[in-house]
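First the structure, then my questions, so here it is.
Letters A, B and C name the chains as they come in the text, with residue numbers starting at 1 for each one.
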Amino acid sequence: MLDKMLENVRKKSPLIHNITNYVTVNDCANITIACGAAPIMADDDGEVAEITGICAGLNINIGTLNSRTIKSMLIAGKTANELKHPVVLDPVGVGVSKLRTDTAKKLLEEVKFTAIRGNISEIKTLAAGVGLADSGCLAEKRCLAEKGSLAEKGSFAEKGSLAPKGVDANTSDKVTKENLAAAVSFAKDFSAKTGAVIAITGAIDIVADSSKAYCIYNGHPDMSSITGTGCQLSSLTAAFVTANPDSPLEATAAAVAAMGYAGEIAHERLTPLDGNSTYRNYIIDAIYNMTPEMLAKGAKYEVR
Amino acid sequence: MLDKMLENVRKKSPLIHNITNYVTVNDCANITIACGAAPIMADDDGEVAEITGICAGLNINIGTLNSRTIKSMLIAGKTANELKHPVVLDPVGVGVSKLRTDTAKKLLEEVKFTAIRGNISEIKTLAAGVGLADSGCLAEKRCLAEKGSLAEKGSFAEKGSLAPKGVDANTSDKVTKENLAAAVSFAKDFSAKTGAVIAITGAIDIVADSSKAYCIYNGHPDMSSITGTGCQLSSLTAAFVTANPDSPLEATAAAVAAMGYAGEIAHERLTPLDGNSTYRNYIIDAIYNMTPEMLAKGAKYEVR
Amino acid sequence: MLDKMLENVRKKSPLIHNITNYVTVNDCANITIACGAAPIMADDDGEVAEITGICAGLNINIGTLNSRTIKSMLIAGKTANELKHPVVLDPVGVGVSKLRTDTAKKLLEEVKFTAIRGNISEIKTLAAGVGLADSGCLAEKRCLAEKGSLAEKGSFAEKGSLAPKGVDANTSDKVTKENLAAAVSFAKDFSAKTGAVIAITGAIDIVADSSKAYCIYNGHPDMSSITGTGCQLSSLTAAFVTANPDSPLEATAAAVAAMGYAGEIAHERLTPLDGNSTYRNYIIDAIYNMTPEMLAKGAKYEVR
């Protein structure tokens, strides 16, 4: 099933409009090409509607958002909705600033997303913003959702408890075998609320729509030693959901499994002197060389 | 001849001002150093005139243009003209949005370029904008030039027929052995109109002034699997024309041949697990290690 | 001593806010992770105060500054001061434009820096701006400081004599064995004036506070063939001074020695076909794999 998703990306080679951050943009472009799609990066409000128009899908990443690009994200998102193009949201660092939280909230209100991909802290913050406070609360001491609605969080008095590693997930939020059932149910609820496929990535990845979830066990812990593997995955996801418009859940699961599997293949290539920079290159290389057959064999998941 | 061009870059090590996109800017900087020149990236209108002033050449790339940087491109371009510094234009994605088309048109009107480098779709779009509608029309079913002057193209009703792969060339525009003579004549005409050396890069590269053209056969198809080989080549071109002020045609041809030859050398290094990310690194490495002698032997071209 | 500094970065894994240029930002993020810290890049004035607030340290790099980000730099810098977080300044290209010079001057006036890292031309330009004109004048023919106060340099009539290689050091400014004593004394004086640890990097690196200086002999000349090794070092420095709040001098010296040593380790890995792109990757890899023990053995320095 997942192999078909990759096969379609290679076959259709969709053009994807990315409004993304300047930290990882080059890697996002190269991994988009590596999977078989084609990227175009454009973020000026004077052209994003047209760019979205000539593309087949859109990826919005709020990583280094600013007042100029926020406007562009909203225009592009709405245009993509009108054209019925798939749209992916990567809410990088939502919760670490009012600007990011407000922007993510506004995007959720004004744009219908096909898929939303983030780490558990980001997704919980988003979910709290749409009133999923209780259902979003996993069995943990410090649950973001308990902190009140995001709209009230003008100041960051409670900093430190929220995403203390900036754009990385709060350790206390981590999805483990113990809380997996709760996390899956949370993801399904959030999908029901938003209509988007929800991808929560971490040691165990969850990809869910309102009724079905893939729990994906691919990947390597060292992937977190590279800046932007999450951003890259969101770009991949945009390519996959665009090439598979009728199967957003499977397409997203395939992108997530492909990225994790690439992390495994790339890690095996590393020699003792290699570090995170070489690892970054090898992951993109692995996506480039991944065949649908390889993905079918390499993907490790269960459906819940 | 072409080897002398590279030799001069290494000898003079010109400082090149790049106003370029944030997707490929790091690769542009590294390849500029690799060929022997030195890059400085600056795009604020409050400093670009001064930056251009301390540099010896300028490269303008409209890849992720925005209202702020468009202003800077015009200031820098005019300053470079006043100082008689070489200026290169990379009209990335011209034709995919009114903003890019208008900006490219304005740049052509207000700045005199030493060289313009783009793929065939971009160059045809530019040419149509300066009234080269008919002469620019190669023997193809869908000729951009037939679509009327760019100035009239406020909306993008005809999207899909124009640069359908975003910043990549339209397949139907491709330069082949069959239409090479027409393409060469088109390039010469556009050069006569603009006074700039025209570099049309693709499977076969054409570098032409109004009377003479180099058809260059270096390169590897997989180069298109890397984001920004075009941008990198434009940065190289700026370095080459700056170090060889009296030979803009040969300098541009040398840059184009060097890039293609680097693509060949780098491709030979690839092992089965390598993909586009490693290929990107190896191409820059190949420019770094290329001697004038190697270029003299490796360059494959004919003069028309 | 220096090994302890690295050990603390690995142990505490501080979150570092980087406001940096878009040329080398990805490398800055990856090297920050490589040394054991965590980066977050954010430059909108609507969020920088909050981002600084959740981080433990701040790095300000003026490489591709613009009117929007300059404002953000000032807000973030002042916020970090209020919170008593370490702040590092990388005055990339100060002196090449009035905008950079004015910005650096303003930052020095309004923000208290823990460490300032630049090449000798940049640091001399900064020093001249705070009235260190004479003491800053090394025994050289063309001394920037003789050119009058930076505030008076509206136009760049004297271009060519100031940082003729753009963001690289003026060759005539180079720190050598001959002028080392003068350069050390200059660095100490500038540190006394600013209260910041001064890191002047080049063939010989000087890291000084007002009374003590480390002269560091690590590194490889080919490091200058990579864009952004300076930027990367400033990000490293921010991580090191943040993890070692009581030892800013030793922390900065450790970061500088680690970077130089990584340049040596990486250079030994290079094969004949490798160039500056692979070298870039290997340097980040070397930081990733560097243990405190390795640094203790590999660091080459004397204290003056």
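Basically, a residue touches a chain if its C-beta (ideal position, glycine included) is under 8 Å from a C-beta of that chain, and two chains touch if they have at least 3 such contacts.
As the structure is a computational prediction, the values presented were derived from the model and not from experiment.
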>> Regarding the subunit A and subunit C pair, does the interface count as same (over half of residue numbers shared) or different (under half shared)?
In response: different
>> Between 0 and 180 degrees and rounded to the nearest 5, what angle rotates subunit B's CA atoms onto those of subunit C?
In response: 120
>> Please tell me the distance, in whole Å, between the geometric centres of subunit A and subunit C computed from their C-alpha atoms.
In response: 34
> For subunit B, what residues touch not just one other chain but two or more?
Replying inline: 22, 26-27, 280-281
>> Show me the residue ranges of subunit B that touch subunit C in the complex, using the header's touch definition.
In response: 15, 22, 25-27, 29-30, 33-34, 38-44, 46-47, 50-51, 53-55, 68, 265, 269, 280-289
>> For a test of understanding, state which residues of subunit B touch subunit A in their complex under the given definition.
In response: 21-24, 26-27, 63-67, 93, 96-100, 156, 159-160, 162-168, 225-228, 272-278, 280-281
